[in-house]
Amino acid sequence: MIRAEVELTVPFHDVDMLGIAWHGHYCKYLEIARCAMLDKIDYNYMVMKATGYVWPIVDLQLRFVRPAKFGQCIRVAAELVEWEYRMKIKYLIADLETGEPLTKGHSIQAAVDAVTGEMSYASPAVFLQRLGTKTDVY
Amino acid sequence: MIRAEVELTVPFHDVDMLGIAWHGHYCKYLEIARCAMLDKIDYNYMVMKATGYVWPIVDLQLRFVRPAKFGQCIRVAAELVEWEYRMKIKYLIADLETGEPLTKGHSIQAAVDAVTGEMSYASPAVFLQRLGTKTDVY
Amino acid sequence: MIRAEVELTVPFHDVDMLGIAWHGHYCKYLEIARCAMLDKIDYNYMVMKATGYVWPIVDLQLRFVRPAKFGQCIRVAAELVEWEYRMKIKYLIADLETGEPLTKGHSIQAAVDAVTGEMSYASPAVFLQRLGTKTDVY
Amino acid sequence: MIRAEVELTVPFHDVDMLGIAWHGHYCKYLEIARCAMLDKIDYNYMVMKATGYVWPIVDLQLRFVRPAKFGQCIRVAAELVEWEYRMKIKYLIADLETGEPLTKGHSIQAAVDAVTGEMSYASPAVFLQRLGTKTDVY
């Protein structure tokens, strides 16, 4: 299972005039967890590009269950749930102390050839190799 | 039909190291179109709060069809598609010149009593009145 | 005189829990005005890079005179005030209706060779040529 | 001496198409360090407001010495250097590993009465008391 967790504190500049983290900022929290997960399999954005692909987000879904407040400590978990044809990652954001779920969601990324710009209909071998090697380890 | 369109230009600071607008910034584009739509029915965030409710986003879905680039002019359309129990808004982001669709999505907001913090299972009367009055006009 | 003005509306997601635009967001307002000014002399970031240079910001100063609120319409003016050795731009943000100054500031950018990464101690000829051609026009 | 340090990693969404952290994002890094410093003297934004004042930023200066890259670990130090009439904080951002300075700057905040909106020409007693108590400790 490819999975990573990061712990974050909701910063002042993410909180709106209603006193809660503006929903759009959660994309940043997911990005940080996603990068931590990709680092674990040595397939972060720099490696992707160096090996010929970029992986734009093509689909994003978020369900906001409870609001997060200024200074609240949160845990953001990212887990790879699909990899053969595209990269689907599930997320769970929870309060760090109580474990209460705050936000759930997923993202889907598609491999695009970095040179031609064409979408790849199967995951590049270099990505699948990373998973093969690393699924034993993590 | 309650609907609004805004025209935006993708700013430099929204573009990532892959040369495209980072997906999370689209939440800002939707926010601007949503606010324009709410202004049309005189029910923006200030009015919401003054009349006793806040409307946090509880669900957000985005499909990224084509990337947007630095300096690209885009049109963001927001349209109210549900209002009785919650507020569901559909979005379409398209290239301003060609009309090519770039991003599609929707958001769902739920009315929450500004004092008690309790979720309301039907839309507040003040919101429905705004629609009644204004659907004739727009 | 090389100068540009843009009109912006303070969006919801820029406003903090104290009800005013968070100071850090003004960097975005300046960026938009700066890009409009650079477009006027056909020397925007794409042209800079295509002609061999990047121009990172090396100095930024901002004085916040009056806060800006959600939905407030503002005018952001950018004016080139130094160009021989570096690019210094002065900014004035004012309320669009009343003209009341809200924020003043300046930025300084230095030319850096895009290949070697070395700072250039004089402005590249291509930039000065743009000014020569265009100062007659604007 | 009132001082705090935080360690951050430059996230993907802060990096521009030139491959470096966009300068405006440094305001967020300073904000996080400033909040950590204010927490140390138990005078964060919530306490400020609860005790009758808000402290908007009135002046910000930043000197960018070296760029920061995606994934770079940085240390952000904030230190209170003036407090009698206004709050002046100095910042130093450095590479976490090498200690190389990346960015230097300061911010100035003025106390504003939360009810009347009037600027206070001396620091509120509650803030000075916090310093008196805490300077012994830190």
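As written, the chains take the letters A, B, C and D, and residue 1 is the first residue of each chain.
As a working rule, a residue touches a chain if its C-beta (ideal position, glycine included) is under 8 Å from a C-beta of that chain, and two chains touch if they have at least 3 such contacts.
Since the structure is predicted, the reported quantities are computational estimates derived from the model, not experimental observations.
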item: Touching both chain C and chain D (chains); value: A, B
item: Copies chain D and chain A - interface residue numbers shared by over half, same or different; value: same
item: Between chain B and chain D, centroid-to-centroid distance (C-alpha), Å; value: 33
item: Chain centre separation (chain B, chain C; CA means) in Å; value: 29
item: Distance from the mean Cα position of chain B to that of chain A, given in whole angstrom; value: 24
item: In chain A, residues with contacts to at least two other chains; value: 12-13, 17-18, 24, 27-28, 31, 45, 70
item: Complex contacts: residues of chain C adjacent to chain D; value: 17-18, 20, 23-24, 27-28, 31, 45, 49, 54, 56-65, 67
item: For the chain D and chain B complex, residues of the former touching the latter; value: 12-13, 15-19, 22, 24, 70
item: Partner chain C, residues of chain B touching it in the complex; value: 11-13, 27-28, 31-32, 35, 44-46, 70-71
